[in-house]
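Each of the next two complexes has chain A plus one other chain: chain B in the first, chain C in the second.
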Partner chain A sequence: MLAVWAQWLLLILGILFFPGIGFCISIALFDEWIDRKFYAALQDRIGPLHTGFKGILQPLADFLKLLANEDIEPKAADKWGMRIVAVIGLTIPLLALLFVPIVNLSGILSFEADLLLLSFLTTILALVIYLAGWFSANRLAMPGTMRAASQLLSYEIPILMAMFAVALRTESLSVAGIVTWQLEHHRPVIFSLPMVIFFLIFLLSSQAELERSPFDIPTAETEIVGGWEVEYSGKKLAFFRLSADLQMVYAAGLGAALFLGGPIGVEMWIPAFADWLGTGASLAQPGGVMWVGAIRMAYYALIFAIKTTLIVLVFSTMKALMARLRIEQFLEFSWKWLIPVSLGLMIVTFFWVPWLDNTLWSKFEALFPGGAT
Partner chain B sequence: MVLKKIVNWARVKSPWIIHVNTGGCNGCDIEVVDVLTPRYDVERLGILIQGSPRHADVLVVTGPATQQMKSRLKLLWEQTPDPKFVIAIGACACSGGIFRHSYIPCLGIDTVIPVDIYIPGCPPKPEAIIFGIAQLLAKLQGKDTPVITPKEIDLKSHIKDKEAFAI
Partner chain C sequence: MAKKKIKVASPKTGCAACMPNTMEIPLGPQHPALKEPEHFLLEVEGEIIVNVTPRIGYVHRGIEKLAETKTYSQNLTLVERVCGICSHVHSISLVNAVEGILSKHDFEVPERAQYIRTIILELERVHSHILWLGIAAHEIGFDTLFMLSWRDRELSMDLLEEITGNRVNYGINEIGGIRRNMTKEQLDKTIKYMHLTIERLDRYVEICLKEDTIRLRTQGVGILLPSKAKELCTCGPTARASGLAVDIRYDDPYSAYKGALRDILKVVTYDTNDVFSRVVVRLIETIEACKYIIWLVENMPDGPVFAKPPRKIPEAKILSRTEAPRGELIHYLWSNNTNKPYRLKITTPTLANILSVSEMLKGDYIADSTISLASIDPCFSCEDRMITIINKDRRKSKVWTWNFDQLRKYSREWNAKNKRWKK
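Then we have the complex of A and B:
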């Protein structure tokens, strides 16, 4: 048993370094490198090459350079507003990432119904971007801001639908509960039929929330030169760019946790392995074996990194394959297609899935070595 | 000291550019675009093209300083955050080129803003532009020769359709 102060110390160290802020920032920079390299490869280019091994330090170099640059604040802008918004824009994805399971079945912070908090945080993020454009008082930032507001608000709804459809399916409102459900039922959520489509909807709307091509209308470089972030330079731009990377990791991590089983790898189908991992020590279960706990942390972090990177590869494929849409085509796509489809699927999930579970799946489940649940 | 070194390393590794045409004939602009596209791909050196001068470090200027663009070029230069560098691409941007002795005097852009690297040519080849950028990066590191040592590439191994090239 650990003393109370040691538990608190471990929790704070966890938030600051390993599964928390330090780990998240490094995996965000790594994923930006993967994204840029893969995007370049799809365009028959090479991408970053001379910074570190195959350019792996490129995002870090960009970040450090922006931190050291001059920070210009225009005369007409709301100076304190700009500063506060830049800091909040960085904090919110970091806070949200603490709820995503990385080295455990639950995040560092987790409680019943934390899915509601996560949906709240994504909405706040849209508001922060709106305010960021508004405070900079620039006539090119204004159209970008308006586009960002309409885009983020209309694509928020399909994301929330997808999140709550999973909650409906697994009968749990917490991310930890959803991950545990997948471990107990020996299958990721994506294996049930309507959830595949929800996963696609989630990926598509995440791409829109992240403002990446084909949905990069708010920051269209060639028409409104950077949209809402046009006036930001130096440290604030560095914060916003890091925030965008963190949001990408957060979207990928949440998608992995909700649909693909989060940090759970092959032990989903090998119960003996899962039981052995379960004997490891953790903060929630201090009595376990120490070295098993360490192995489990490393193993889960590795699986998490693999799954998020795969989702990021899907994101960059989308970015490379499609051209930018016009704003009204784009809003039409959300309101006329995505939202009705996800609403209909929601109803399907509600009525059809219990039947599917009881009759169809129980037959199929006998095929797995994991046995019935 | 260590901090200064790290910052300098970051600066050398990620120069972001903004492309400004101050009234050239568009020949140099095509070459600049060439440098950014797959064949020459300067993202290898960490160079990204940015839309807003607030995000950029290097102003890449093509074309002479015409009367209309003088004040705007100065404004763009002032909007770029410190430390900023200017590359003049093409004979026009260096000295005025073919527009120098026209009925309205258009001189090089160094009559408006300070220039770090001149890349002459009408238009300069993409290789020349990359060499100029490498010179700028070398200047940042306090050296006089470019930083990047060229690698030998066996071009024959890259030929896909071997029979068409068989001699």
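Then we have the complex of A and C:
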């Protein structure tokens, strides 16, 4: 049994280093490398090559280089606004990542109905981007800002739909509850019928929310010269770049937690393994076995990394597939197709949850050795 | 696919409701979508462009003046530097002009030299059009197509390097013929590479015709009606994409196009008048160009590749027209019975096409401005000549014709007045 101060120390260390900020930033830079390498491979290029093993340190080198660059602030701009927005833009995805389960069934911070907080943070991010463009007072930033605002708000809705559809399916509003439901029911949420489509909607809208090519309409370089981030340079740009990577990991991690069982791997179908892992020590369960707890942390972090990287690969593939749409074509797609479809599926989920559980799923439960509870 | 109707508020009316609420957005002279400096002032209402004012003349290189001080042979090297992409067609134009004068005095260029020149012309068209496809794909944010098409452009670039020894400014032309002959292996390799290029291009045609996002971004965008295209004197693929069958290779043949090649020459046109039409015309033209190359190699005559021309060119004024990858290229040569030209005037296709841009952009979204602009395949630095008008009153306009001392005096005065750029 640890002393109270030791528990607090572990929590702070956790937030700062291992499952928290340090780990998240490393995995964000790693995923950017994966993204760049895979995107390059799809285009018959090589990608980053020289820094570290096959260029694995290139994202870090780029970040440090940007930090050292000259930081230019235009005269007309709201200087303190720009500075604050850059810091907030980096903080929000980091904060959101603390709620994503990485080395445990729950995030470092977790409470009942934290899914609501996560949806709130996603919306705040859209606002931050809007303010970032607004403060820079640039003629090319303004169209970018307007585009960012309309695009982020239109694709916010399908994402929230997908999140709450999962909450409806698992009858829990906390990420930890959703992950536990998947462990207890021996299947990830994506195995339920409408949830597959929700997963696809989630991925597509996340790509739009992350403003990644081909949905980089607010920052389209060849159209509006970088859009809302045109006036950001040096440290502030570095912060926004890192923030974009963190957002990518956050989207991938949340997608993994909601649809793919989060950090849970094969123990979903091997109850004995799950029970053995459950005996490990953690902050929530200080009395457990220490070394099992350590193994569990490493194992969960590995599974989390694998799942997020897989989702990032899907993101990269999407990036290489299409040409960039015009803003009004892209918004039309959201309002005419994505939102009605997700609304309809929401109704389906709402009415079919009991029926799905009792009738449909019972036919498939024999397929998995764990069996449905 | 009609143009969107625009309501333009009258600027003269006084009431607040009818006030023109247009905003001016500059496109260039520095813009990531433009590789060379040029300025377009877009007047926009919300996201819709209502008027465009192009402003040309940011680059001055003095090539025309320089040409008067060099011999014809040196000028071939010089005019190749006009454009980095269609360099060979410039030297062909000058060579045709000079040889056109000489042909009046019983001088003839060997047939084989004309064939090899034409092979390089068509190879240049192939690589230029593929380069354009990549740039257009990049403008609409389709970087995969950009990267892949530029990979396949290397095939023709490698061929050019092997045949001429250079990748950009080939330096193979000489008045009276060419400097290097093509060997049997090179001819075989050309055929092999061209078949490969056709195969790859077929794939890109398929992608461009079927991929939904490309069609969404290019169809109905940048419309240039045939009547307008004719009125604005457009040329090359831009005109052909508006349904006008103009092609100097067919209309006024030169080099090897004069011979049997003209029978298999196709003037590719397409009739949707938009950016999509320009994509289709350029892609099909590239495939056709590959076929012409194969034909030329297969029907290559034997014989010498160079005939020694006289050193002095008799006095004449001659206009030489060639079909560059971007359209009609004009070299106007005035010789004066010396070994140097008296005057050489170059007009590149972009100058003819640039006015059509403002017609294309009207009524479109800002987001489409760059792809519409790129669709004429602009080459601004080739086209720009500089002229400075000192006073804005047009009736009393005066052109700077200073000598060096006057210019130096002016620069000293300017520096003293402006204190060396200090604000």
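Odds and ends about this structure:
We adopt the following convention: the second predicted complex is superposed on the first by the 371 of 373 C-alpha atoms of A that agree within 3 Å, B and C clash if a C-alpha of one lies under 4 Å from a C-alpha of the other, contacts with A are read in each partner's own complex, and residues count from 1 in each chain.
Following the convention adopted for this analysis, a contact is a pair of C-beta atoms (placed from the backbone, for glycine too) under 8 Å apart; a residue touches a chain by one contact, two chains touch by 3 or more.
Only a predicted model underlies this, so the values are computations on that prediction, with no experimental measurement involved.
Using the contact criterion defined above for the overlaid structures, shared-chain residue A:Asp216 touches chain C, although it does not reach chain B. By the touch criterion defined above, A:Arg45 lies against chain B and chain C together after alignment on the C-alpha atoms of chain A. By the touch criterion defined above, A:Arg139 reaches chain C but does not reach chain B. Judged by the touch definition given at the top, the superposed model places A:Asp78 against neither chain B nor chain C. In the superposition on chain A, A:Arg324 contacts chain C only, with no contact to chain B. When the shared chain is aligned, chain B comes close enough to touch A:Tyr232, but chain C does not.
When the two complexes are overlaid, the chain among chain B and chain C that reaches more residues of chain A is B. Annotation: chain A residues 43-45, 140, 221-222, 225-226 touch chain B in one complex and chain C in the other. Contact residues on chain B toward chain A in their complex (touch as defined above): 6-7, 9-11, 13-14, 16, 37-38, 41, 43-46, 50-52, 54-55, 57, 79, 81-83, 148. Those residues of chain A that touch chain B in the complex are listed here as 36, 40, 43-51, 55, 57-58, 60-65, 68-72, 140, 221-222, 225-226, 229-234, 237. Against chain A, the residues of chain C that register as touching in their complex are 25-26, 31-33, 47, 137-145, 147-148, 151, 211, 213-214, 216-217, 365-370.
Chain A contributes residues 42-45, 139-140, 143, 213-214, 216-217, 220-226, 320-329 to its touches with chain C in the complex.
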